[in-house]
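Multiple structures are listed underneath, in structure tokens.
Both complexes below contain subunit A, partnered by subunit B and then by subunit C.
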Partner chain A sequence: MIELKDVCKVYGGSYTRKEALNKVSLKLPQGEIVGLFGENGAGKTTLMKCILGYLKYDGEITLDGEPITTKNIARISFATNEHSFFPGLTAKGHAEFYAEHFPKFSEKRFKALMDFFELSYNAPIRHFSTGQKNQFEVIMAMCQGADYILMDEPFAGNDVFNREDFYKVLLGILEPHETVILSTHLLEEVENFIGRAVLLHNGRIVGDVTTTELEESGRTLMDYVKETYNYRSDRVVKVLRELSDTEKGN
Partner chain B sequence: MKERLSVMMLAARGTVYKVILLIAVTGIVQAGLFYWWMMRSISPDDIWLVNLESGMTDSHVVFAAAISFVILCAILSLNGCSFGSKAIYTFRRLSVSQKEVLCCWAVYNTLAVLLFWMSQILIMLGLCGMYKAVAPILCEQSGVPASNLPFGPQTVYIAFYRHKYLHSLMPMAEISRWIRNVILLGSLGICTATFSNSVRKGKKGIAIFVLVTVTLGMFCASVGMFEVDIVSGLIALGAGVGSGAIALGGVEDEAYI
Partner chain C sequence: MRRIFDEWVVTNPFAGWERRQKEEDNARWEQTKKRWKAFEAWCGSKIDRMTPPGFQWMPILNWTIAGLLGCSVISTFRFLARYGRGWRSMLVSAMGEQSAGPYWTGKKWEYRAAYVYDKVIAEGATLPSFSGMMSGIMNLFVYLMIVLLLLSALHYLYFYHESKSIYLMKRLPNRMEIHRRSLAFPMTLIAVCMVTVLLLVAIYFEIYHLLVPARCVEPGQLARFLREGIFNMWRGDGL
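Moving on, here comes the complex of A and B:
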């Protein structure tokens, strides 16, 4: 289990201080598919980068009770829309490199996903389209053999069919011990894919609910998000009415 | 050990074919330039001017080597910059530390520069052989007796003593030049590696630019130019050790991450 205790992260100096994470405490047991939601700047990416140790933070993050270091970092993989592959290296080269560094790298899964998305094994990744690069990024994260797969907006730039395919494949191939933490804005698309939703707002966790709880209460994920963020749908109506009144007045 | 070799292989995968191609193209260009010089220089009037050393200078093979050297440094420096991706995320998830990655990269780059250096020695020796084999034929075709060519058993040996570039490539008994060259070699390996390492971390690396400028300006020196060896060696040492120390001890820019 990944456990975060009172994690705080502040960017910038005294003049540009921005609190990206504010006392975030969260437990992520193995075998869950967790959606991480929040507006831009809510702290989703920062949270993932703190888990991976890319950023310094205050508080405590542990993996099965141990701090996350080079010794256990291989248990976590990361797919990001910023991309983390080697652009000049081929897919085949990536597979060989990963196999040497990550003992649990699954060649079988790699081949299956590469064939499913019809990606080239022998072309350098820089020659892939943006959508293909995203697919490849996710493939590598899925095949590393990690127990925790962190995905930060992995499908930005992919079309809806492509994303749909990926969710289905993902659900089909995930092992019971594998945990996916997926940060995305595409709430409705992932609603049937995730088992738990964590909502962030201004660096704080403002909502944490399982989809079973949502079903039992007869709400959709979107309802829950709107409710949690106090989304006022009447705002739009009000603005439109005001605008049309102004135009009539003119 | 397997993981470290794998990181070195990652560096090699991105450049080895380019380096080999560069060496081959450089050799062909230098051979072409040298042959062209022989073609246009051999005439009955001033055959005494058509000696091996002036050929090395007038054929511009040294200029070709300089361009090739700059390209080599660019290839090695840009390898691993991972433009369009943040490969640092992957590097930081390896069991091999960032420092070890940098060292592996530096060792590979040093070997690549060494390969280039060795290839230049071989190409220059090849050009000497070409002069010995082809110049007499061109003389005959121009109606000049081949015996008039200034070429004897010691010519190549003397050329490697007197010609600045040839001597600096293979400094014979001049220990200070060998030491300077070894320092240059190691520093080029380190600076090319620290450049891509810096770019991956969202920083800039200037040491390689200093080192390339110093190499271009001070590599060729006559025999006995001890002060040139000292100055260029010290600058190279400073660039290599300095950039290496900064890279190994540097703090990553969180704004970039």
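Moving on, here comes the complex of A and C:
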């Protein structure tokens, strides 16, 4: 289980101080598919980067009670829309590199996914289209052999069919011990795919609910998000009415 | 007629000798090419592991080899020029044999006495020290090595270029991998530069001693070079 205790992260100096994470405490047990939601700048990416140790933070993050170090970092993989592959290296080269560094790298899964998405083994990744690059990024994260797969808006730039394919494949190939933490804005698309939703707002966790709980209460994920964020749908109507009144007055 | 010819071909031990020789040569050449390719692949795989994954190191290697050759040629020319100047500084003109012969004055031929002057090594003359001669000779190698050091910085930057592969490097169980991939290749090339410099110094030292009589060389040249010259040869005033 990944556990975060009072994690705080502040960007900038004394004048440009911005609290990206404010006392975030969260437990992510193995075998869950967790959706991480929030507006831009809510702290989703920062949270993932803190888990991976890319950013310094205050508080405590542990993996099965142990701090995350080189000893257990291989248990976490990361797919990001910034892409973490080597652009000049081929897919085959990536597989070799992963196999060398991650003992649990799944060659079988890699081949299956590469064939499914019809990606080239021998072309450098920089020659792939944006959608293919995203696919490849997720494939590598899935094949690393990690127990926790962090995905930070991995489908940005992919078309709807592509994303649909991916959700299906993900559900099909994930093993019971594998955990996916997926940060995305595509609420409705992932609603049926995730088991739990964590909502972030201004660096704080403002909502944490399982999809079973949502079903029982008869609400959709979108309803829950709107409730939590105190979204006022009448705001748009009000603005439009004001605008039309002004035009009539003129 | 045909039958007779065939028999001749079979029985003649020299028949087809040229063709067989050609085939053997071709086979040998193919084998050499195969071995060379295997060696190239082996070297390539070794260098691949010393550079950031997917980095195109071949142009860097070619430029470094060209740089090494260029630096070696220039420093050799410099050394030989200094050596030649040193040699000339030891020589004095000495009157040689007297002879006589016709001499054209511009208007008419006259019979005059003439002397042949020889260049000889002056009494007690010595060649300038090897250490002094080497001062600044290798400064171009310093620039080459600085460029190679910058290459390691380029390797680190590669992990931020086009993608953020730094994220992958940072979550490898082996944290030293990023440094190995960034530093190993430039450091190896710098080591090759140093070995080349050492070889050149050894060759120059041999040349220094080889072409002059032993009496013209002050003793203790190597000790002096190791004391001073080994630092001075990198100086920037070599030109």
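Going forward, the second predicted complex is superposed on the first by the 250 of 250 C-alpha atoms of A that agree within 3 Å, B and C clash if a C-alpha of one lies under 4 Å from a C-alpha of the other, contacts with A are read in each partner's own complex, and residues count from 1 in each chain.
We adopt the following convention: a contact is a pair of C-beta atoms (placed from the backbone, for glycine too) under 8 Å apart; a residue touches a chain by one contact, two chains touch by 3 or more.
In this text the structure is predicted, and so the values were computed from the model without any measurement.
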Do subunit B and subunit C fit side by side on subunit A after the overlay, or clash?
clash
Of the partners subunit B and subunit C, which touch A:Ala74 in the superposed model: first, second, both, neither?
both
Between subunit B (first) and subunit C (second), which does A:Gly93 come into contact with in this model arrangement: first, second, both, or neither?
both
Touched partner set for A:Leu55, first subunit B, second subunit C, both or neither:
first
So in the superposed three-chain picture, is A:Glu82 touching just subunit B, just subunit C, both, or none of them (first/second/both/neither)?
both
Counting only touches as set out at the top, which of subunit B and subunit C does A:Tyr11 meet: first, second, both, neither?
first
First, second, both or neither for A:Gly195, with subunit B first and subunit C second:
neither
Choose the clashing stretch of subunit C with respect to subunit B from the list 24-32, 42-50, 96-104 or 114-122.
42-50
Interface residues of subunit A shared by subunit B and subunit C, listed 52-54, 70-71, 73-74, 76-78, 80, 82-89, 93, 97, 101, 125-126
Within the complex, subunit B is touched by subunit A residues 11, 49, 52-56, 70-71, 73-74, 76-78, 80, 82-89, 93, 97, 100-101, 125-126
Under the touch definition given earlier, write down the residues of subunit C that touch subunit A in their complex.
52-56, 161-168, 170-175, 177
Contact footprint of subunit C on subunit A as seen in their complex:
52-54, 70-71, 73-74, 76-78, 80, 82-90, 93-94, 97, 101-102, 124-126
Counting only contacts in the complex, subunit B reaches subunit A at residues 2-3, 6, 9-10, 13-14, 79, 82-90, 92-97, 254-255, 257
